[in-house]
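Two complexes come next, and they have one chain in common, subunit A, joined by subunit B in the first and subunit C in the second.
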Partner chain A sequence: MEEIVQHLAPLLREISGYIYPNEIELHWGLLVVIYPYLTGLVAGAFILASLVKVFNVKELQPTYRMALLTALAFLIIAPLPLLAHLGHPEKSYEIFLTPNKSSAMAMFGFVYAWYLMAVLLLEIWFDYRRDLILWSKSEKGIKKWLHKILSLFSSDVSEKAVKFDKKAVRIITIIGIPSAFLLHGYVGFIFGSVKANPFWSSVLMPIVFLFSAIVSGIALILTFYVVITPLRKKEIDMPCLDKLASYLFYVMIVDFSLEALDFIHRVYESEESIQILSELVSGKLFVSLVVIQILIGMLIPLAAIALVKILKWPAQLRIQIYFLASILVQVGIFSTRWNVVIGGQLFSKSFMGLTVYKMSFFGLEGLLVSLTIMILPIVILSLLFKLLPPWDENRNPDIVK
Partner chain B sequence: MKNFLKEIPEQVTRIVFLLIVFIAAFLFIRSNLVPEDFGKTGHYRFSAIDEIISVDIKYAGQDVCNECHDDIVVVKDSSYHHNVTCEVCHGAAAIHADDPVEFTPTAPRERNICPQCHEYLPSRPTGFPQIISASHNPLKPCITCHNPHDPVPPETPKECSACHKEISSTKSISHHALIPCTKCHSVPEKHRLDPREYLPTKPGSREFCGQCHSEDADSEPGIPRIDLETHETKYVCWQCHYPHLPEAK
Partner chain C sequence: MENENNRRNFLRKSLYAMILAFIPPSFISGEKSKKVVEWIIGENYNPYDHYWSMGIDINKCIGCGRCADACKTENDVPREPFFFRTWVERYRIYQDGDVQIDSPNGAVNGFEKGTESKNIERSFFVPKICNHCDNPPCVQVCPVGATFKSEDGVILVDKNYCIGCRYCIQACPYGARYLHPETRTADKCTFCYHRLVQGKLPACVETCPTQARIFGELKKKASPLERFRRMNKINVLKPALNTEPKVYYANLDMEVK
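Coming up: the complex of A and B.
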């Protein structure tokens, strides 16, 4: 008891207005912010990859495999923040063994498993199969065997088989697009279906989440492409980068319009919660929502990319501006997740007061664990780059088009 | 048939093989790890019910207390604490019911027990007796003045705030801080002894607030004023304005 009081006492000083006793401390912290951010990156990166295969956007070919591997690396880590947040990760397998159909959260395990196994791993396998066989033939030692096992001891590299691979990749991508929508739409659904919380409860939530996911995914691939290509001492493919930036721009416009629509809808509906929400947005969330999410994360990058397109600046300047814009977009989308998850818990259900979120550094819910979880996908991705090089020069020549 | 099998691409056979292995492994794990009686009557292990039943019972229940301590239970049941069962204060007493001589339940006499329910908290309901223990007869155990089995205050409360702490705290920081409660509520004397049976009145007409807030009222300058003839004529003032914390400045 004494411990709880000591823990809550500093929070109590920062509370304004009237709140219920169980609202002083937030139940969903930084880890729950990271979770939709990571799944968003997965869905976004996959949608970008699908542009190449389904919509035949040839310019984006150099980023296709990178986008797939990025989606995989982030997908592997995506459930970790949830497991850390819930505690007892050793019991998590039970949601698969005894599926509870009436729990949206429990069903996520299946959405995740479907997306990981039926979509991402399968698509990567079909896309890499021929290369895996050819690599294993020219390699020695562990790598040879690793590639052999990964190819599932497949050996057929005939034209017919490769044609089948391509067809399979296309079909999986077509199935993958609704799956990616489901994966991230689901995250929006979880928040959007919380009836008691007027900040979350909105049918637009899954759609807004989805488009912000695509924005963050494209921005991430753009960042990776701009950083990794010079590190590999290669030339950046400008048509590819321009196309990436264009798609980023278009999706951001849609995302911005959807968020504006949501905002206008709330203001026009003007439900009983509007007063406390406007107090929240103009007070505790002003910096993270108005300044970071909308201004720095949305309007400035939009204006920057628009300027680049209109003024047709030289390549080097374009690269720098695209890079900066993509970083700002990442910060903005992270802020979006923060504002939804943390912001949605800052106001009292009495609509009469606001509480405060204090982040800890150590502990399972702390900043340190969160940073580790954020860095892990990059570590996994660098390992994947070693194991399954996505670069064009590693491909067998006749696959490259 | 043989030709048909040959026609199946190598990739498909491998993926299907992997899928079969995966499904077989899943089914094997599932059959071993999911308890046999899971889902028999709901999304839980059926035998868990028996396990829970077999857990030792800690609480005896008030009916059992009543068998020996009926004199106290009768008093308590007609008091304000009629909804508070014996074991809320005296602790789990099944062990005492089994062996009254060997085990005696605790009888809390410290000052820190009663405030668990009666310490002032804004979220407690209006009229619920609340104190600020730091200033309410400090250091004196509650039971020196209050009998917990019939907890009427030793003296009839003089101030409304003794019971209506939340309203009085709210009002004390409002523009109406200096207006006494009885200006707006007429309180029957019996309300102090039987608050739920004899209720105070509420202002029933717009003219009541109009005494200070109508345009032609003879009240201090600076008080917000409205035209009673035109201002939301269908409502009594307190249907929109909370008189204990009026929002107008």
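Coming up: the complex of A and C.
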């Protein structure tokens, strides 16, 4: 209690205009910024993986398994920030037991469980099954047993069984694409359906979320690929990297167009909230929205990739530029989430004033916990890479062609 | 034969075990709802007989803030200036078109006299409170159903059930909700439900020296509220959001947000 009061008291002086007295406490902080960022990466990485299986983009094969494992690692951590931000995390199971059918948020558990169980885990299992069996045959000790357990003690590596695996992966991917859309579009809907908040309330919100998710997913896989491949002392597969950059470019164009449409639509309609929103965007959100999100996170990487494509620069330079662009895109997408979640709470619902957000360092909702949550998926991913090596050379060669 | 009997016995026993496993919780919840019913009947109060709502006459409000103060006392709302179930806003509209709104500490201590150099065109006070909407967005979004509309039209929060996700606070267009710093659950005006069941008025209504707040039944012709609605031109806050508020304002100004 005292902690909250001490945190809020100095904020009173930083309010401009009039806000409702209950609005001084900003309710969805950094943790709720991280949540859509993480699920966005999940959805994006999965969509990238599905390009290989459903749309037969052969060039991207080297990143297929890496993308799946990345999606899994981030999905496992995705509910953590939500849990940590609850007033009563110990009661969170009520969402599963007695969900309120009219609540968008109540569906979270089901969407999440569906995506984890019915899509990601199944697809990974079917894709790795044959390798798991063959690995466990040639290994000893704990690893042998781990792989044996993970293969659920199946042992059939006949041509027929492997064919079935491939078919299953394809079907799951086809179901998985709309599921990935659902997972992240749904997160957008949680914000987009709040009619009390004109900054959030927009039909475009789920779609903008989705495309920015795909952007961030592709950028993340690109970053990982460029960093990990030299660490493994392997050559970067340039056709694969070029393809990744091309897809990143195309999806960013769509994402940028959608955001531009949203912006133009708001300005053109010029509703009641336009005054306070333009005050917000040109003031407190200027750096994070105009400078970081649009300029650094969108226009500069777009221009860089376009230049690379037009001027046909040598491979080494291309790698460096792609790498830098993908990092900038990550920063940009993170600030997109920030601007939606925090930005949407910086103005009063009276439309007459602006409030402030002050991050704390310690405590459940502080920077420290958030950083930990951001690092955890990478730790899990490195474990997954050890347990289920996604690299091509670890694949058991097809005995039956 | 014996084998089959064994199996049948086993099946029967497991069926009993399953039934037993499910009985205690339903028995307990039956006990609980019985207690609630007893409490309500004990107070001689039947929620199905009522439909509560409030009227506020802006012309009568003098901005003394007694209502906001009484509310904090009656409902154990934290005294710190960040948590309010009801508050009073002061509007000052200047001749140059400038609009100033303030509500220092929710007007719990009233207002200080303005010292402005500009000429005021009009000025007034607006008490604010949960609108107990008929189409409440907060109830719609609650993921566990901890906040609900009672039979008598009051929007309540079950603090033992609330998980503190704060979606309802985001969904309320009126800023009428806050997270209680001690319980870490959503909190808001209840129309002083504990007083209603005893046939008393909400604290803010009871304490208002000018009777700017009128409380009563929405669907009974003889109620003071229905009279208020007959005698005044009334309006609600943010009607475009279709929340169907049940707090009705007389003499509401266009500048009130």
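Here is the rule we go by: the second predicted complex is superposed on the first by the 385 of 401 C-alpha atoms of A that agree within 3 Å, B and C clash if a C-alpha of one lies under 4 Å from a C-alpha of the other, contacts with A are read in each partner's own complex, and residues count from 1 in each chain.
Definition applied: contacts are C-beta pairs under 8 Å (C-beta built on N, C-alpha and C of every residue); 3 or more make two chains touch, one makes a residue touch a chain.
Since this is a predicted model, take the numbers as computed values, not measurements.
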Superposed on subunit A, are subunit B and subunit C clashing or fitting side by side? clash
Of the partners subunit B and subunit C, which touch A:Ala196 in the superposed model: first, second, both, neither? second
Per-residue contact with subunit A, leading partner among subunit C and subunit B: C
Name the contact category of A:Leu152: first (subunit B only), second (subunit C only), both, or neither. first
Tell me the contact category for A:Lys58 with respect to subunit B and subunit C: first, second, both or neither. neither
Considering only touches as defined above, state whether A:Tyr18 meets subunit B (first), subunit C (second), both or neither. both
Looking at the overlay, does A:His265 come into contact with subunit B only (first), subunit C only (second), both, or neither? neither
Which superposed partner A:Phe126 touches (first subunit B, second subunit C, both, neither): first
Touching partner for A:Ala104 - first (subunit B), second (subunit C), both, neither: second
Is A:Ile4 touching anything from subunit B or subunit C once the two structures are fitted on A? First, second, both or neither. second
Superposing both complexes on chain A puts subunit B into subunit C at one of 6-14, 24-32, 96-104 or 114-122, namely 114-122
Could you give the residue numbers on subunit A that contact subunit B in one complex and subunit C in the other? 18, 20-21, 98, 100
Which residues, counting only subunit B, touch subunit A once they are in their complex? 9-11, 14-15, 18, 22, 26, 29-30, 33-34, 38-39, 43, 121-123
Touching residues (chain side subunit A, partner subunit B) in the complex: 18, 20-21, 93, 96-98, 100, 117, 122, 125-126, 129, 152-156, 160-161, 164-165, 168
Touching residues of subunit A toward subunit C in the complex: what are they? 1, 4-5, 8-9, 12, 17-25, 27-28, 85-89, 91-92, 94-95, 98-100, 102-106, 108, 190, 194-197, 345, 348-352
Which residues of subunit C touch subunit A once you look at their complex with the stated criterion? 78, 80-84, 87, 89, 99-103, 105-106, 128, 137, 139-146, 161-167, 169-179, 181-185, 241, 257
